[in-house]
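Order of writing sets the labels: A, B and C. Residues in every chain begin at 1.
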């Protein structure tokens, strides 16, 4: 996807790093003081979706792969984690790990099949696979169909960190979010990330240089699935449930919206976008289906006039890379 | 061909059909044409010479409107073309035969040939006339467009643009990659068209081919016209030309 | 009789096959529209399901508010909704013409959300009834099964429209323009043809096909805001299997997969929802561009 110069070249690498460090510190600070201004539950939800959006953005922003079925990773991990915590009594970290593993496996299988196709084909294939996962979740006994898995215990992480304490849970979720965020950022700024960008710029060239581009794209896809799974599993603990909504097509659409509004191909865009969309949903929940209409209108407006998203526009104005 | 397929037509030899002044053009950020000036009079064959990359094809495409970013003036038949869309320019009476020939492989030869609509009041060249000019095409009508040889494709490409009825033709390297026998055939065709009163702007690397047909020459380098002369002055210019063209 | 360990009667088997063939008719019509649009515009029309739904609603409105019956709706609904499609293309999609086609996909995605949300707001999730037209009620007793007249009509009408579309595209001059413009739009413009207008009309035509399918569906599925969303993912899978640019591929794959889905319902009902996707996965392993497709 020709992200219109969301990533603007800066004068020096060190300026980039300075800006990045400042932005990160600001984000941590905001997370720290946020619970004094808004409901912690809401912020934790936002962080989970922000992580989900970061995972999605890894694919579209840096590998040029539009995944329209990303909810399958979020939702599957949510279900597996919820089941592991509630039915098997696993402590939270193990339950999350199991959820992440499930998403990784799903990511590997679907990625291996989808990655050989590019662009439009790839997007449509992800739609089809995620629908498949949705239908499986409807039928599978362990998901309890329409009811979902309710009453997921928050338990004691690693045996002693009591997550049913709201403050501790908040810190736990924040740590998970920041960890996931950093993993994505490190991946993008690593040699692996550079090769991904090279593949995005000119894949035939990369192939002629000897890079096994399919493997890199698959790796990016699986990484994205893993982070999305992390977000989903954590979300299951926060909201204490896992439901069909988590694997639904509308959730897949929402993460696209978050990233589009926030800014594709930027680090902080998905975070801001997630915050906006989750807020929007909370405030507009009373309007029922109008939420869908408004989301659609925001979509259309962004695609037509606002392709760089909020962070993208800001970054371009300030000539920095965010 | 023993006899001419087309009737000779009278031309107003002083009438300037195309006048290009200060034409500049860009492909995205690349500034390709830096101010091209040339003119073509009715009934003439004018050849644009120059090395690869000099900007010859870009000039034709800029006249046709295919290169969107362009400034300057291109006046055809008294009307300014800068600012018009490709199809509007075509309907003014210009036909363009690109270097890659652009035969539609998902169409048959027949469909390719009869695709262009008649746009000029002067009337499309009839099928009979076309087959008189290009007898080989008649046998290949039901073949897929992609199945033709290079020479056949070039014939079809020229035949196709004659169907619009446009009297001003722009041919981009019609002899490129073709065998000498075919080149001769194309030469005869172009001569026939000239005799019939068509005005032709030719881009050619094949110098000898151009020299037998062309009334005037423009030489391009780095997006500019660096020389212009008539066919009669050709002999005197040979050394300079060899340098400019690198042949 | 006993097939693969399932006891099933002939009427049951053929009944399911019939349903499969009917679903296949809709898959064929819808994926044909998608293929036509994709061929010309390089855009995956995510709003296709929404237009299908609007086609059904248009039939409903025509009946409710103007008294125009089913037969009128078959003609008017595609025309009206096709016109809406053309306007959408002209106002929105045209602006994205030079950009990455994924933006076009996203735009149609957003449009689908808007359209569906609007209809869901006004009409709720439940459907409006739409009666089978008088002339097509009843059933034929074929001996080995009962064939409801309307069902038979749906299959015939879909097959006829699909065939007519194929004929126009592959065998007529208008189709030649379409195929040429798909292959090399610049060259077609250089012949003086207004290709941008052709693009708009092509999108409108693809949308009209979806609306036509919607009218056919109305008496069967009833007229519901969610009817597009329910079917679109399977249609996408059909298009991927058949190959994105292929007209014939989409038609054949649509009918065949409908039948396969129907058969799966007989022998292995739990998998019937996902069998098309499983097939898609298998096809992708062997031929990443689909059975009949051209490379993206």
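Note that in this section a contact is a pair of C-beta atoms (placed from the backbone, for glycine too) under 8 Å apart; a residue touches a chain by one contact, two chains touch by 3 or more.
On a predicted model such as this, the values are computed, not experimentally measured, just so you know.
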Counting only C-beta pairs in contact, which pair of chains has the most of them? A-C
Farthest chain from chain C, comparing Cα centres? B
Per-chain C-alpha mean nearest global C-alpha mean belongs to chain C
Rounded Å distance between chain A and chain C, as computed from the means of their C-alpha atoms: 32
Between the Cα centroids of chain B and chain C the separation in whole angstrom comes to 45
Rounded Å distance, chain A centre to chain B centre (Cα mean): 55
Where does chain B touch two or more other chains at once, residue-wise? none
Of all residues in chain A, those that touch chain C in their complex: 1-2, 66, 68, 113-114, 116-121, 123-125, 127-129, 131-132, 135-136, 138-139, 249, 253, 256, 260, 288-300, 302-304, 307
Chain B contacts chain C in the complex at 64, 66, 85-87, 90-91, 95-96, 98, 102, 104-107, 111-112, 114-117, 119, 161, 164
Residues of chain C that touch chain A when the two form their complex: 38, 42, 44, 92, 95-96, 99-103, 105-107, 109-118, 120-121, 229, 233-234, 236-237, 239-240, 244, 270, 273-274, 276-278, 280-281, 284-285, 288-289, 296
Listed in rising order, chain C residues that touch chain B in their complex are 173, 176-177, 179-180, 182-184, 186-195
